[in-house]
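The following blocks contain the structures, represented as structure tokens.
The two complexes that follow have chain A in common; it is paired with chain B in the first and with chain C in the second.
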Partner chain A sequence: MAKITFITRDNQTITVEGESGSVMALARQNGVKGIEGECGGVCSCATCHVHVQNGEFSRTGQQGTIEKDLLELNDHADETSRLCCQIRISDEIDGLVLRVAEKNSF
Partner chain B sequence: MKKSTIPDPFEKARVESGHREMNDQNDPVSMILRHKDVRKSAHNWKTFQSGATPGRIVVPSEVNIRSLRQIPFEVDPPEHQSYRDLVEPWFKRPLEQSYQDKLAAIIQSELDKAIRKGTIEVVHEFSLPLQSRALTVLLNMPEDDAALWISWGTHVFRSEGDPLDGGKASGLTDYLDKKVEEVKKNPGTDLFSVLLASEINGRKLSDDEVKGVMMLTFAGGRDTVINFVTNTFAYLADHPESIERLRNEPEILETAIEELVRYFSPLTHMGRVVTQDTAVCEHAVKNDTRISLCWASANRDASVFENPNEVILDRKVNPHVSFGFGAHNCLGATHARTLMKILLTKLVESVKSMEILDCKENMENLDGLERKVGFHQIRIKLNPR
Partner chain C sequence: METENRTCIIIGASQAGVSCAFALREEGWAGRILLYDTDPKLPYYRPPLSKTALTGEELMYNHILKPLELYRKENIQLGLGIKVVALDALNKEVILSDHTQVNYDRLVLATGARPFIPNIEGIQTAAQVFVLRTQQDAEAIRHALEKSMDKEVVIIGGGYIGLETAASIKKLGGKVTVLEREKRVLERVTAPEMSEFFMALHAEQGVHIEVNKNVVAIHGNPKQMVVCDDGSAYRADLVIVGVGVLVNTELAEQAKLNMDRGILVDASMRTNQEHIYAIGDCTRHHNPFYDRFVRIESVQNATDQGKIAAAAICGKNPTYDVLPWFWSDQYDVKLQMVGLSEGYNQVVVRKETGDTPSFSIWYFDQDQLLAVDAVNHAKAYMLGAKFIRQKTRVDKTKLADNGLEFKPANLVMA
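This part shows the complex of A and B:
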């Protein structure tokens, strides 16, 4: 079980709770604005881009190789970026705060 | 080889050099074949532009058969963004329940008809009518309008044996002209009316801009959707175990759709015009020539996809580029994914297995290389559950 807080682009805060699956799927189920997850979570579309807040990047694990390649072509990506379809829900990430990244304008 | 197999004709060139040269109406194209190069070039809109002469970024070039600029497709950033922002909310409607209900009713009626018939020619008796009827939902137009669109056939600029049919292209232009005049007199709630009433950067959209968006909508989502649907039938006919699996594990449905669209790559490639002398994968490309971003080749790049020539329905990491990449990624992708999700759910619910009786493959000619994109015709027998 993990509680995860999202900060949307319009600075709304929403805290949701999940047990398993990906953080993207949890966000989508709860209608978190800005997390689209168009590709269903296969690391193809980058519409679930978030910034891990409070320096807690280590709790989510590092970007995977494919994820990193995709984020390299994203203007809003930085060292706190993750695609949240690639973060699994577990006790490890309880209390995590994620800021929804700006839409990639290319 | 199974009938549903879509071979990868690019492997040798992709591995050896990463590009392939082809001529197209004396405006040659360097096809970019590797996944990394395709995505990087798609991202680099300054060097590889879309806003060239209308029709030039399409391969085969449509420069000689149309002059209307398709929008936002043939516009570069930053102007592109205003157009995209204007139309994007409309093209996200497939996420709404009421939209999905309308689409589901159409899909169910086409499926019921097919099952009643028992044996169907999938391209013309299922995929084409389904694509056109589904388009009435996307455009919010009366369902009766689909009959005319169905009569246009599987491609608005191409006919069997003629990859550039000028007569067809002018037919579509005439239709758009007529429709815009009609809607001006009698506005409704369809996309034509919405666009005609829209503003961009503080001014109204011009008639040509409205027609440009509508032409993109009619052209972009036609043969691509038809091939996606038809190839899915062929794949499931050849793989009855996948029918059962999708029925028993609906949770893999979205992943399966991404994998099918990777494997099929309904659009082989899309061109860009080079704006300065440069190089892609150490291959020099000259200013004012064309490259193409070969989605179909990138999707089989073994350095990115394990067992790239296999359909793995639960492939977890799948950075395919079937809907393009970058600023110009497919506007209709939400509609296509929603349509496929409903179709697959209903198909595996009602069908036990299918058999391919006979078929005629649709091969795209790439100047010395052919790629199978789907079928001109395929007769399939459906065995209901």
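This part shows the complex of A and C:
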């Protein structure tokens, strides 16, 4: 179980709780604004981009190549960036704070 | 604009309609929002229907567009299992399947499309013929497959949905044959090199693809025979038809909206009737970048058009101007596409080195990059999108040379 806090683009804070699945799915179920998850979590769309706050990036687990590649050329990405459909919910990430990134469109 | 006492009706509660409803609230629409759909299920994403939801790896519950509480919270009235049967643009009213009349101030058509059933002898009466558009369709296919004797499945049509369905049914232990009328799969949407790759991939996985196959008849029950015009015939417990869609335009016709194989909309999703907007798969719009009218079937297009319409309804003057993007997952292969390749006269194939197949196809019209299809190579997809948008001149020779590292500096024309 993990409690996760999202900060939306309009600076609202929402804390939600999940047991399993991806952080994107959790955000979507709770209607966190700005987390679209358009590809359904298959790492194809980058509409679930977040910035991991408080220097806790390493707690979010490993990044795959596709995720890295999608972020590398994203105008709003930096070293705190993750696609949250690729973060699994577990005790490990309890207390994490994630800021919804700016929308990237082509 | 004062919107408090006003009503916005949205017909079609899927990707486009739901996106629009929630965006209306974000844009400040204070009045009523009524959202209708014939489908009784809580609105969901369709892409998993041919992918992980068909294989059963994922439950559709995880792919609902929004949880029910959020409709309540945003005060969006969801009318599921309700068909809008008539539209009177003059009196600004619609009639529902239960005969109620409802008036609107603004109307959004998000009616999407339905599977096209080709004129094949016996197709209407055959017992085990399926399409794949709704959650019920996917459940029906899974159920029929479980019950079938030999799990022999014939899929008519080698487009994305046909191929994804083939891969998923293969995973479920089905014996799959895909019959494609053209000389290659994905003919309308990709270059020959991409078709070849997918034909080989499916062959390797044991899915049987036959091209130049024009199906003319289906008969037999319960074991069906699918017969082609060259005399060949294929046994099938299940037949799945995936040969494209018909746009749902019946209501648009009643309102006398301008149409051209889709409802014509301007850059803000307005139709030619004041107060009526249209979004998603059912529309055709002018894409400013390619300077051409297009009808696009994708989640991205439906979601974004929903947001544009919402902004326009709330008094803004937005312009829809993005490069379309799309993806497809088959087996462990990830295909990502950006741009519109139509009208290309040259392709450059860039293969990456390494164990997993990873390559990209770059579509050019002379020196202008139009589109990129990337297989297991998200970097090409992202960089391609940038180059297209910025009209960057790409050095084609260097692009094709995988001895050079894949990075902007190596690809841009000096």
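To be clear about the criterion, the second predicted complex is superposed on the first by the 103 of 106 C-alpha atoms of A that agree within 3 Å, B and C clash if a C-alpha of one lies under 4 Å from a C-alpha of the other, contacts with A are read in each partner's own complex, and residues count from 1 in each chain.
Simple rule for what comes next: a contact is a pair of C-beta atoms (placed from the backbone, for glycine too) under 8 Å apart; a residue touches a chain by one contact, two chains touch by 3 or more.
Predicted model, so just to flag it, every value in this text is computed and none were measured.
S.K.: Once the shared chain is lined up, is A:40 touching chain B (first), chain C (second), both, or neither of them?
M.R.: A:40 contacts both chain B and chain C.
S.K.: Just to be sure I read the superposition right, which of the two partners does A:73 touch: chain B = first, chain C = second, or both, or neither?
M.R.: Both chain B and chain C are touched by A:73.
S.K.: Between chain B (first) and chain C (second), which does A:31 come into contact with in this model arrangement: first, second, both, or neither?
M.R.: Once the two structures are laid over each other on A, A:31 reaches chain C alone.
S.K.: Please name the chain, chain B or chain C, that touches the greater number of residues in chain A.
M.R.: After superposing on chain A, more of chain A is contacted by C.
S.K.: Looking at A:52 after the superposition, I want to know if it touches chain B, chain C, both of them or none. Which is it: first, second, both, neither?
M.R.: So A:52 meets neither chain B nor chain C here.
S.K.: If I apply the document's touch criterion, which positions on chain A are contacted by chain B in one structure and by chain C in the other?
M.R.: 38-40, 42-45, 66, 69-70, 73, 105-106
S.K.: List the residues on chain A that touch chain B in their complex, please.
M.R.: 38-45, 64, 66, 69-70, 73, 105-106
S.K.: Any idea which chain B residues touch chain A in the complex?
M.R.: 36, 39-40, 43, 45, 77, 81, 254-255, 257-258, 304, 315-321, 323, 325-327, 329, 333-334, 337
S.K.: If you look only at chain C, which of its residues touch chain A in the complex?
M.R.: Counting only chain C, the residues touching chain A are 26, 45, 47-48, 51-52, 62-63, 66-67, 69-70, 73, 299-300, 303-304, 322-323, 325, 327, 329, 334, 336, 338, 376-379, 381-383, 385-386, 388-389.
S.K.: Which of the residues in chain A come into contact with chain C in the complex?
M.R.: Checking each residue of chain A against chain C gives 21, 25, 28-31, 33, 36, 38-40, 42-45, 65-66, 69-70, 72-74, 105-106.
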